[in-house]
Structures are given as C-alpha cells and as structure tokens.
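The structures considered in this document are given below.
Both complexes shown next keep chain A, but they swap its partner, so chain B is in the first and chain C is in the second.
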Partner chain A sequence: MTKIEEIKATAKKLLEEGKVKYIIGYEQGTNGWLSNPVFIKKPEDVERFVWDPSCVHNLAKFLVDEKRRKSREKQPDKRPVGVIVKGCDSRAVIVLLQEKFINREDVFLLGVSCEQGGVVDDKKLAKKLGKKNAKKIELGDKDNLIITTEEGKLEFPTTELLAERCLECKANVPLIFDVLVGDKTQRPQDKPFKSLEEIEKLSPEERWNFWREQIEKCVRCYACRSACPMCYCDECVVDSINLAVAPDTSAEEKALKIRWLDKSTEKSENFVYHLVRAIHLAGRCIDCGECERVCPLDIPLRLLNKKLEKEAKLLYDYEVGCDVNQPSLVSSFKDTDPEDFIR
Partner chain B sequence: MAEEFEPKIVAFLCKWCSSAGSDLAGVSRMEYPANVVPIQVMCSGSVSPLYIFSAFNKGADGVLVSGCHPGDCHYIKGNFYARRRLALVKKLLEHIGLEPQRFQVSWVSAAEGTKYTQIIKDFVKELKPLGPQTKLRREAQ
Partner chain C sequence: MDKILAKKDFPQWLKKLVGSHTVYAPLPEGDIWNYKVVSDSADVNLDFLTTTVPPKGIIFPQREVFLEFQTSSGEKDETIEVKEVLPEDRPVAVFGVRPCDGKSFFLQDKVFGGDFEDPYYWKRRNLTTLVGLACSTPPSPNCFCTSVGGSPHSKEGLDILLTDLGDHYFVESLTPKGDKLIGEAKTLFPQAKPKDKKEAAGIHAEAAKKLSRQIKNLDKVPDKLKGMFDSPFWDEEAMSCLRCGICTYLCPTCHCFDLNDEVASSSPLKGKRVRTWDTCQFPDYSMHSSGHNPRPNKASRLRQRMYHKFRYFVDIHKNYQCTGCGRCVSLCPVGIDIIKVLEKVRDYGS
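Moving on to the complex of A and B:
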C-alpha cells in the first residue's frame, strides 16, 4: 500500500469512528502544481487527499487558528483535530506543545515521512522551467520527479528541486505522532546550516550590504508573520495598536505611547521588524521555510532564523523541536553558558 | 577645525548593581566621558531585545547593557537569562553586519565604580573611530 492510500484509509477510519473533529491535510491545488491545505470532515471526502512533494505548507499553523476558533465557541467540540504532519510540521507541533499553547489531547497527529525526503521549492522549479508552467508533479521510480507542463513531461533529479531547508533537514521523519503512515524514510542529510556558509564568509560590510539590499525591499505585508506557526501572539509588538483608544483617551496619553517602530517601510523600521521577529523566533523556529516561501519580495528570511538556530546549537547545544519536556531556549540557562563577550 | 565626533551611548543599567555602581562613580567624583545616557531598569533580565534595536533605531551609536555579576542578581537568576538572550542579540547584530563594538554587555557590581568608568572610557574609545551609527538609525523626516 502506498503512503497516500494508507493516509486515506487511516483518515477514513478515524472519521467514521468519530475520533477526530476533522482532518487537515493536502488536496490537489487549483493553481498549477502546488497543493492546497484541506479540511476534511466527512469520511467520503478522504479521496481528496494527496501526498507528494508539492505538499509544502506547514499545517501546524491551523492548530493555532483552531485554538482561537474553539475559544470563541460556546459549546466547543472537545474531540481532537487530526493533522497530517511531515518532519518539520511535527517539530512545530512539539514547540507548540512545549510552550503549552496547545494540549496534546487536542491534536491527533498522522505522521508521514516526506516523499523522497522533502518538498519542492517553487523558486527552484520556476528557474528550471523558464516560461513553462508546471501542472503536476509526480514521483519518478528512481530518485527523480516528473513534471507535467503544457509542453509535455520533464524529468529532474529530486535533489535539484528540493527546497534548501529540506536538503539541510535533520529529520524528515515525524518526531511525534499518534499514527505513523508508511515507513520512516530518512534521506541522507546534507551539511547542516549549509545555506549560511556563503553569507558567513562575507566581511561585516558585505554582509551589511547584502541585508540592506534585501530588507529595503520589504513592504511590510506581514505575510511572514501570518504564515508562521510560531507567530501566535494575540497582539504583536510591531502593530503599535496596543493602546486602546477610547473617547476619553487624552492627547497626552496617545503621545506618550511608546512606538517601538513606525509603520512606514523605511529601511530602519524594516530592520527593527525583522530583527525582532528573528529574535522572537530564536530557539522556536523549526525551519519550515514558510516565511521565505510566502514572501512576495523573495527576502531570504530563513537565513536570519537559521543563524540563530545555529548559534543556539553552538553556544548552548540546544536543538529546536526535539523534546516536548525540554525547557525553551530563552527561558532556561546553564551556569556554564559562555560569557566571553561580557566585560 | 571640525569638531570631534562624540558617540551617543545608551546604557541600560540594572537598579541593584550597575546603576548603583555608576552612582558610586559619580559620588566618588571619578571622571569619565559624558557620552552615556543611563537608563535604569529593574534587572538586566528585563531588557528586551526590542529596547536595544529601538535604541539603535532612534539614533544610539552604541548600546550598553549592564547587570550584576552572575550569582549576585537581586532576582536570583535574572542575569543568567539576560546572558543567553543578549548573546543571541549580539550574534544577530553581527550577522546583519553591524559593527560588533557597538553593542556591549558588562557585569558591574555596586562597588565597582572604577570598573564602570573604565568600561565607558573603553567603549567611547572604540566607538570614536567608527563614526556615527547610520545603519539602523531612522532617517530624519
């Protein structure tokens, strides 16, 4: 039985028995090759599920939305929500559990190893295809992918199309699950933190020029924040709306309100936003790459988060999303933490 | 002759040690550069990374965070948390290409007025050749 058949069978059984409220998975997308997230409530709809390297979304994000929705309901359905999790999604769920944002009994995880060890990167694919549009991505029988375009079929080796993060991924197998679908198929890992090598070789001035060019592009659409499963704060510090303005709010109160950063898309303000986001994700980012994927201006946001992940590993031997009971990076310390930078 | 560049330093000093240390330097009439704008905070662990980014954003040429020596924290472990967090901030600022000298962390106890003056002197000396910090500064509108 292939993985997708097993997913469908498991999902069908769960829904028929009424063990879960609904199951979040992927379905064939309406726009080209990319799959869509889908919420399946009825057992007969499970045929819509797909599972291939186009399943790029991090579905853990929907658990955050689900928690919000549930808190608004008067008589919430207490059953857990089923989610299909890849390796990175499972790590996101671990971090959410670690931070006690969600409860273990509220989720039912269907763990699946990534097909051929990762998901396709849309930018890499677009580069390969030029002006052609991909309609469908299928698995080849060897380590390759078959892309259907309007001008026929093309074949590429998997490693050429996989996202950078997938090549560097330490575990493309789910680390936490209730049901494991298919086998755990681990792919050999590329060098961890490989994408950082290039930028770390640069001099500080060159690094600054690189980041200035990138961050200046930002239009502050906050798509990165919206797509991130870890950005779940009810109020974001960069929104500057934390002051409740009532009719009796005095001008002075408004004036004294701290504005950490402006809403304008100037370089300096963009930097504060991206630095704050990076530091808030330190020890929490599980490198699902959603922020970078959804960025309309192709800012390499992963490099910021990855850098802090690397420092956490080097300085504190902290690995993100491995253990639910591990205290989080910035809410724990050791007596032996390095302090050579302190005078 | 052009006036010599005088860097502006924002110093977040913890109430129980570093702030008292700077006070000691003051009442002992020790001399040190007047480039520092001290801001008293309750603990070095209460300094959010946002304070630091925001200080740079609003025109600081250097930022200093100073707290009690490890083990001496008034709140037992605040400076241990600060140590981790500030290390990450420092790495991040270096990663985007800000000069590493612009952000400093120090432990200054209430008795170390001399150490405080020395840190400020060194800090100013290091910042002078760098010139004004324009990278993260908000442009005047």
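Moving on to the complex of A and C:
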C-alpha cells in the first residue's frame, strides 16, 4: 500500500469505528501546488486526503483551536481528535503535552514518516520555475521531486527544493504517534545548524543592520504568531486591548492594561513584537518553519528561533520536543547550569 | 490625445520627475515585488509580478500621525498644545499600477469621500498621479479581475494608462493630472499612430482571455448572502483560518483603521494621535469595552470579510469591494480561496 492509501484506510477505520471526532489532514488546494489543511468528519470523505511534499502546514496548531472550542461547549464530545503529524509536527505535540496545554487522550496521532522526503520550500521552487506555475508535486523514487506545471513535468533533486529545516531535520520520523505510516528511515542530514552559519559570521553591527532591515518590512499581520502552534496564550502582549475583559472588569482595571507596544508599524514597535515572540519561543520552537513560510514579506524569522534553539542546546544541552516527561527548559534547573549567579 | 513613449526614453521621464516628485515603482525585494521610492530611474523595470503589498499604502499609509500633543505647566495651570500634522506638499508619482490596483483607488475614493471627506486621504490622493500599466499577461496565477467588473486594461482610478507594445508604450492620459505628468517631459511623447492604437486594442482584447481564474454569476452572491448570516457554512469555511491579517492588510480595497493616542511621556504629557490600519480579522477589532464581542470567532470574521465586500459595499456604493487582484488567495497561509468561498455562497441551498 502506498502511504496515502494507508493514511486513507487508517482514517476511514477510525471514523467508521467512531474512535475520533474528526481527522485533521491535508487536501489538494486551489492555489496551485500547495495543499490545504482539511477537517474530515465522514468516513467517505477520506478520499480528499493527500500526502505529498506540499503538506507543509503544522497541523498541531489546530489542536489549540480544538481545545478552545471544546471549552465553550456545554456537553463536549470527549472523543479525541485525529491529527496527521510529520516528525516536526509530532515534536510540537510533545511540547504541548509537556506544557500540559493538551492531554494525551484528547489526540489521536497519525504519524507519517517523511522518509527520503520532506516538504518543499516555496521560494526555492519559485526560483526554479520562473514564471511557470506548479500544479502538483510528487516525490520520485530516485531522490527526486517531480513537478507538474502547465507546460509539462519537471524533475529536480530533492535536496534542491526541500525546505532548509527538512535538510537539517534530525527527526523526520514522528517521535510520538498512535499509528505510524511509512518506515523509520532517516534521510541524510545536513549539519544541524547549517542555516545559521552565514549570519553567525557577521559582526554584531552587521547583524543589527540585517535585522533592522528585515524587521522594518513587517506589516504586523501577525501571521507568524497565528501559524505557530506554540503561540497559544489567551492574551498576547501585542494585542491592543485585554482580551480577558469580562462584563465585571472594572474601568480601572481596563485603563491599567499595560500597553507594551503601540499599533504603529514603527521600527521600535516591530522589534518589540518580534523579540518578545522569539524569547517566548526559546526552548519551545520545534523548527516547523511555519512562521517564515507564512510571512508575506519574507522575513527570515526561522533564523531567530533557530539561534535560540542552538543556544538551548549548547548552554543547557536541551533538545526541544523530544520527551514528554522532560521538564521544560524555562521551568527547570540543572546543577550543570553554566550561569553561577543563581547558585 | 494618445501618445507613445519609447522604452529607452522611459528612464529619462523618471529622471525628469525625481527632482520634483516622490516617485514610486515596483522593485524586487528578494523574491517579492513591492512599491519603493525610486532614486535612480535606471532600476525601474515594469515587467513585474503582482506586488505583495498593494500601492494603497502610498495614499492611505499603514501609520500616519494626525496630530501631536504636549502639555506644559506654567506657574498656576497646565496648558496643552495640540499641533495638526498634515501630509507633506510634495507631489507623488506612482509607476506600474496594475488596473486592479488602480480600481482599488476608485473604490477607496468612495469610502474616504462622500459626505465626510477625509482630508488626510484626499491631500495625498490629489498630490498623487497614478501611472497604470495594462496587463498583457496575468501578473499573478490568481488574477480574476474580469469576474468582479474589472479588466486587465481598466482605467478606473488611474491618471495615465501605459500599454506595452514591445519597444514602446502606448500612452493614454486620462486626467489633467496625467496630462501634467506627461507635460513634464513633453518631447519624449510623440503622437500615437492609428497602428499603435489598433495594436494596443488587440493586446487589451487578448489579455482578458489569458486569465485562468474566474467566478461565474457573481451577481447572485449579494442576494444569496442575505439569508446566510446564521449559517453553519461560515464555521466550516473558517475551520482552517489562522486569524492573521494577511487577507485584509494586503487587500488593496480594505480600508479599516484605528486611532490611538501614542504617549511618549506621561509627565509632562507628550505624544501623538496616530491612525493605523486595522482589520476585522483581529479579535480586538470589534471588541466592546464591556468585553462583549459581536464578531467573537473566526467564522464570524470570515463572514464579515465576505459581507463587507460583497453585500454591504454593494448596497452602499454599487460596486463589489474587490478588484480581483488575487493577493488574498495567493498569500493565505492555509489556502482559503475567496473564489471558492464565493462559488459556494452562489450555489448555497440550490
């Protein structure tokens, strides 16, 4: 059975047996090659599922929505939600479990191994295609990707089109799952923090100029926050008002809401937003790269988070999203901590 | 009278203008295109794809200061000084405005004009000359201008329309502002010959056929929406929505804004009153001070976006508030496709 057939068969069985409420997966999109997230409730609809290197989204994000939706229902359906997870997405689920944001029994994980593949980087693809538009992307059997365009098929080596994070990925097999589709082969890995090499060579001043230029472009659509499965706070410092306002919140309380940053897309305000987000993701970001992918202005946000991942590894030997029982980085202390001020 | 402009003379026209005007043109920025201020006319190449950010920000900036305030305390009392801040007087020329984006200004004029004229918008609008470029091929795979009453050579909102005829442009001046901009470099613009006019007409006729996306019978949508306000349809359609602001911030016709006093110092009080873009897709957009939110979830916000564009705006201004530029389709992180949503609305219940 091919992977997609196995996914469909497993999903169908789960839905027929009523073991899950619905299953979050991918379907063919209408905007070119990219797949879309889809929520399948009926066994006969599993035919809509697709599995190919366009399945970029981290579907763990939708578990945050599900938790909120459930909390509002008077008599919630207590069955778990099925989610298709790649290796990276499974690590996002691990962090959500580790932080006790979700419970294990609330999710049924259909793990899919990326094996020799991964997901396609839209910018790399656009460069290869020029003005041609891709309709479909498939993984070939010779470590290549087959791109269908309106002018016929094109082939490229996998390494030329995969997202950087896939090339650097150390766990392209889900680390947590209820069912695993595909086998546990690991694709050859680039150096783990290779994408940081260039920026690390820059002097602090050059780095500052680089980031200033990037952050100035931001229009604060907050797509990076919206796509991030770790950005699940009920209230975010960047929102202009306190979303936790209730009818009995006093005028004083409302007036005293601290405004950490203004709505103006000034350099200072944009920096506050991005730095707050980066810091809040230290030891939590599992490098799904969604923030960078969704950014309409192409701000290389992944570099910020990757750098903090590297710091966590070097300073505290902390690997993100590998073990549900591991205490989280910012809420734990080890005797081997390199800082001595705390002792 | 229609003119022509040799492509080799185009940089000279810009060169004439940069001294007296702030000149914008689409420039590549890494892998994307955006309107930038041009200082060197040699950089400008009008063979560009749909810009990520529409040109709306040139006339309706994402942030603009309305006034500045400051208190000063005298011996007995405190006085507050308020200073109005208006856009600067320098004229602006924008090159490479696609007909869809040109039409967006025609639609924005209705919003910022009418009974309550917005002086900030109009000061910029009147100082800005929009030089359009007809599309001979769609600049985005998600272009659908012809479905919403536009066309790849629409003149609405523009001051000049250029049509690419290979080594020269066919130049149509549409307003006195357009005449004036051409007048700045008169000698570069010989009269167009009947052959040029015919050739441009041919390109215009062909261009519309090249659009791969369209919505048929969109005119059924405004009425259909009437009965769909409480439909579970919106919950289904918005399931994958992430609640970001891409579809609205980067829409050339979305115009909602917020006003805030941004305080730099509280004692002595000093700060600015600032207008910024706002979007119906954010939770704080419609939240009341009581905590009640009439658009409490993403389904109601997606519905708001559709109703505003294809019902409320149609009622008030007799136009769809959409130009078919395709940005919201191309840029949505989860592939929510306005064309597909509208088709489903059109066919809803039938």
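To be clear about the criterion, the second predicted complex is superposed on the first by the 322 of 343 C-alpha atoms of A that agree within 3 Å, B and C clash if a C-alpha of one lies under 4 Å from a C-alpha of the other, contacts with A are read in each partner's own complex, and residues count from 1 in each chain.
By our rule, a contact is a pair of C-beta atoms (placed from the backbone, for glycine too) under 8 Å apart; a residue touches a chain by one contact, two chains touch by 3 or more.
Keep in mind that this is a model prediction, so the values were computed, not measured.
**Student:** Tell me the contact category for A:T249 with respect to chain B and chain C: first, second, both or neither.
**Tutor:** It touches chain C, and chain B stays clear.
**Student:** Pick one for A:K61: touches chain B only (first), chain C only (second), both, or neither.
**Tutor:** In the superposed model, A:K61 contacts chain C only, not chain B.
**Student:** One more residue to check, A:D262. First (chain B), second (chain C), both or neither?
**Tutor:** In the superposition, A:D262 contacts both chain B and chain C.
**Student:** Between chain B and chain C, whom does A:V219 touch in the aligned arrangement: first, second, both, or neither?
**Tutor:** second
**Student:** Which holds for A:K127: it touches chain B only (first), chain C only (second), both, or neither?
**Tutor:** Second partner only.
**Student:** Regarding the shared-chain residue A:G29, is it in contact with chain B (first), chain C (second), both, or neither?
**Tutor:** After superposing on A, A:G29 lies in contact with chain C but is clear of chain B.
**Student:** Does chain B (first) or chain C (second) touch A:L297, or do both, or does neither?
**Tutor:** After superposing on A, A:L297 lies in contact with chain C but is clear of chain B.
**Student:** Between chain B (first) and chain C (second), which, if any, makes contact with A:A227: first, second, both or neither?
**Tutor:** second
**Student:** Shared contact residues on chain A, chain B side and chain C side combined as an intersection?
**Tutor:** The overlap between the chain B and chain C interfaces on chain A comprises residues 262, 266.
**Student:** Please give the residue numbers of chain C that touch chain A in the complex, ascending.
**Tutor:** For chain C paired with chain A, touching residues are 29-32, 49, 52-53, 62-63, 141-142, 239-240, 242-246, 249-250, 258, 260, 262, 274, 276-279, 282-284, 287, 289-292, 329-337, 339-340.
**Student:** What part of chain B is in contact with chain A in the complex they form?
**Tutor:** So the residues of chain B in touch with chain A come to 49-50, 53-54, 57, 70, 77, 80-81, 83-85, 87-100, 104-107, 119, 122, 135-139.
**Student:** Which positions of chain A touch chain C when the two form their complex?
**Tutor:** 29-32, 34-39, 57, 61-62, 123, 126-127, 131, 133, 217, 219-223, 225-227, 239-241, 243, 245-247, 249, 254, 262-266, 290, 293-294, 296-298
**Student:** Within the complex, which stretch of chain A touches chain B?
**Tutor:** Residues of chain A touching chain B: 199, 204-212, 237, 260-262, 266-269, 271-272, 275-276, 278-279, 282, 304, 307-308, 311-312, 315-316, 329-333, 335, 337-339, 341-343.
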